[in-house]
Amino acid sequence: MAVDIAGLLFSSPVIAASGTFGYGREYDDYLDLEKIGGFVTKGVSLEPRDGNQPPRIAETACGMLNAIGLANIGLEKFLADKLPLVEKTRARCVVNLYGESAEEFEKLAQALDARQGVDALELNVSCPNVKGGGMAFGQDAKAVYELTRVVRQKTSLPLWVKLTPNVADPVPMAKAAADAGADALSLINTILAMAIDARTRKPKLGNVYGGLSGPAIKPVGLRMVHQVSRAVDLPVVGMGGIMTGSDVAEYLLAGASAVQVGTASFSDPASCVRIADELAAFMKEQGIAEVRELIGGLLS
Amino acid sequence: MSLRVKVISNQPAGEGVYLLELEPHELGRGAMPGQFVMLKPAPGRDPLLARPFSIHGVTENSLSVLYKIIGRGTALLSGFSAGDIVEAWGPLGTGYNLDYRKPLLLAGGMGIASLAFAASYLQENGVDPESIYGAATVRDLVEGYYDSDGRYFISGAPWQIITEDGTYGETGLITGGLDEKLAGIDGVLACGPLPMLKAVAQVCAEKQVPLDASLEAPMACGLGACLGCAVPASQGGYLRVCKEGPVVDAGKVDWERV
Amino acid sequence: MAVDIAGLLFSSPVIAASGTFGYGREYDDYLDLEKIGGFVTKGVSLEPRDGNQPPRIAETACGMLNAIGLANIGLEKFLADKLPLVEKTRARCVVNLYGESAEEFEKLAQALDARQGVDALELNVSCPNVKGGGMAFGQDAKAVYELTRVVRQKTSLPLWVKLTPNVADPVPMAKAAADAGADALSLINTILAMAIDARTRKPKLGNVYGGLSGPAIKPVGLRMVHQVSRAVDLPVVGMGGIMTGSDVAEYLLAGASAVQVGTASFSDPASCVRIADELAAFMKEQGIAEVRELIGGLLS
Amino acid sequence: MSLRVKVISNQPAGEGVYLLELEPHELGRGAMPGQFVMLKPAPGRDPLLARPFSIHGVTENSLSVLYKIIGRGTALLSGFSAGDIVEAWGPLGTGYNLDYRKPLLLAGGMGIASLAFAASYLQENGVDPESIYGAATVRDLVEGYYDSDGRYFISGAPWQIITEDGTYGETGLITGGLDEKLAGIDGVLACGPLPMLKAVAQVCAEKQVPLDASLEAPMACGLGACLGCAVPASQGGYLRVCKEGPVVDAGKVDWERV
């Protein structure tokens, strides 16, 4: 079941997604971390962040909204308290980076470079670009290029750039990241969305808007992974709505080299391992020996 | 592994209220009053998320949850019957402080779900709490049983009843005359609607009586991972209801911002 | 329950959406057309169109994909065979226009202008702009402006411009349509997406990509309606995933003046009337006398 | 109004096959063999779409559907039981031409669902069709009954059986020796898997015998509105399976492109 993403080996193509798996050990009572490829941390910023005003989550049809606001304990505490807890496991730890400016991203990358226990960095470019007038870095190919370029200079770790679906076309962003030296592309992040309580007449989220995730968005994730993997010669880590082993196979066929599982962990905390097991069973049923036989194997 | 738990029974226990008994497995292991479980109201993708429910009681053979139908999830839950499988995980979170010598328990509405467990636990451990259960009207009381004096019991422990319309027990709000009720009390355990908790928190702060308040917030993981269940903390920032709570020292909560 | 959209009165804010309600009479056995505000026709083009290679639809989590390919009987047959069937009903008939070039749109608008039975035109700008290199008209504010402008010159009918969700931000498109003389904005069209059969390894749609609709996309529709209605001073006709009366109330609160119901008609052919009834019941329960009390009434 | 139809029974009727009997109301009104109904496999939003099923039979008191579990929708459908309500609409589409004097009925697999209705209808109307029912193996035959000679009947009409492995009736494919079977036949009614229909269409075209073929396509509305159920037409363009079909004159279909 092993897959190679830009030179880094993962024992399984199933990886727990950023923001849904804490700092890696929160699910220990319900799954064995070593049975999946690894996990991506909650977005880590230089300073601790409190996050958005509650309510922060709302359920929607086959999905959910979140507006956590990138609450996290900050770099220092992450390194001191959380990283040691995962360092000794065989599971890969990918650190998701969140900054409000290129400088913040640079500093984060520098501080994490060559840190024991950190296997790769994932650059979350879906956040608002404060200097760029609030438009997300990830909605502007030039900003994606610049951000990726400066971070690339600060780290020799494998660098994944995580793309947002809130664009007319993800390919220009993917190309920009590739041109600037990214090693892999992760997609999709959540879709900007909103829920309203008709009786109270209020938005269901304190932040009004939030990100839509879960099975509802799988068709959008598949489409964007398909678009990007055909257009750009980098490994793609696909995600969005994965709930079953068959969903993983679909993402692999669409062109992903590995996948991340996010919201599924909320409907069943053992999801990541269950999904990895289901993928193995599916491959066995189909007589597929290696994950790579599926990657990009869509017929027409 | 997440748990697939068998339903022993799922019976009406009041107006729109059900008592769900589950085969416990690990779900109930070491469960303490104030802790909760996550229950998926139906298999499949819609509804997607599990719902948090306080543990109402645990025996060697069962774990029970007392719930009220609020929306789609709880309505679906009420459709389960004996033998059905519920997806669940727990026990989760931080429960009540059970070290008080003379505690006062204040259950508003469905707050009785977790506090009934606390009351019987305390009683079993030799502490006789002062227990008050408030409801809007007699019909809203969940199913308990009455002794020959008309005293109301639930899970083996007695409760004084107060109803807003006086249809049973005293008349008034559970928060009425609270300062007097605090005489001799070394700690309050409260669970109920937010306005009640706020009022109780204010009185307890004034009287400097420790208050353990059980909070609610929408949850996704229940495990401290998603940071969805935030409530404003008095020190700034937020507490996670699923981890630092659901039962928190009232002094740690910024009640203004909740 | 009546609502006014740019001077045109609809007896109910619930309107059947383009492409899901045929030419207006297909559902006659299951609902009374006069109990809803009206309907929008399947996209009508100058010449008949066969549409895409099957399969054309696939079910997804709380949603569906379609790649009908704008199959339609063409303007001539529409006017001769279909329009007369709805002309005598009190229900409003909005004609959805589909062209591959600005010229085609112009001709359509001209031919429909002042035709008895046509109450308004809805410009579907979500289609690929053949001259603009295949990128959809609707993803380019200049193209939206130009297209709206030329059509505006050819018709005195109320002109609705239907926006696509496949953009980073719908507001520039909405503004462009407004500046060019649109009378109302309809949104959202379907989200570009994809489904794969893991066993056959094939896309589930003959066209590979299709449009995602249904409850899965409601949170995206609400967000875009909210964004657009706050930014542009035109009535908005909201849609995306409406299944219940409460969903309608949510769209109205977000800023819509009326709504369209699409995919719901496939899960129950009487949906439009049921939804209108549910809205009436909701308003009664909430003591709301007029629909306009809800419009834009979101609290914060 | 769409229809909420009560389930009379929903019983296994073969390997993975169920017979669903519904209280008909309007759903069965004037239904003809080859027509279909749309059944929503579960209330709610997921699964979202209804599924098309041929009408297997109509009496004054019931409408029946014979279905095989294929995926999620049919699996959910098999969970319905007496008294449950199914959301449904119909009867829909264009059925079989029933005016032939000496028709041959070819049912491959679940094709028996609609053709059994056609066979008994023809019989009731004084026509004795030649009816052949092909399956891979005896276990795949849906539940019928057998006379003392071992002849298989379903819905009151007799069927010759042919199984690929010879475990019942003749051995072979339903399309084997079809040209001989067409002797004296003035029209063929066929329903079954696409490869079978293509083979039958080719032989019928060669022998110039009219063929009514019942087609399948994914559907959304079932009413001719969505244009989702397109199959390529011989004249170019497409036919709607739900409107021009499901039963179509084979000559109108572009079998190459299907």
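Going by the order they are written in, the chains are A, B, C and D; count residues from 1 in each one.
As a working rule, a residue touches a chain if its C-beta (ideal position, glycine included) is under 8 Å from a C-beta of that chain, and two chains touch if they have at least 3 such contacts.
These numbers come from a predicted model, not from an experiment.
Common neighbours of chain B and chain C, by the contact definition above: A, D.
The mean-CA centres of chain B and chain D are about 55 angstrom from one another, to the nearest whole unit. A separation of 47 Å divides the Cα centre of chain A from that of chain D.
Each chain gets one centre point, the mean of its Cα atoms, and the points for chain C and chain D are 36 Å apart. Residues of chain B in contact with two or more other chains: 45-46.
Listed for chain A are residues 61-63, 214-215, each touching two or more other chains. Under the stated contact rule, the graph of chain-to-chain touches is complete, every pair of chains being in contact.
Residues of chain C that touch chain D in their complex: 19-22, 26-27, 29-31, 42, 50-51, 54-59, 61-64, 66, 68, 71, 214-215, 243, 263, 265-270. Residues 61-62 of chain A are the ones that touch chain D when the two sit in their complex. Contact residues of chain B toward chain C in the complex are 45-46.
Those residues of chain C whose C-beta lies close enough to touch chain A in the complex are 60-63, 65, 135, 139, 166-169, 191-196, 198-203, 208-209, 212, 214-220, 222-223, 226, 241, 246, 249-250, 253-254, 282, 286, 297-300.
For chain B in complex with chain A, the touching residues are 1-2, 40, 45-50, 87, 89, 217-221, 223-232, 236-238.
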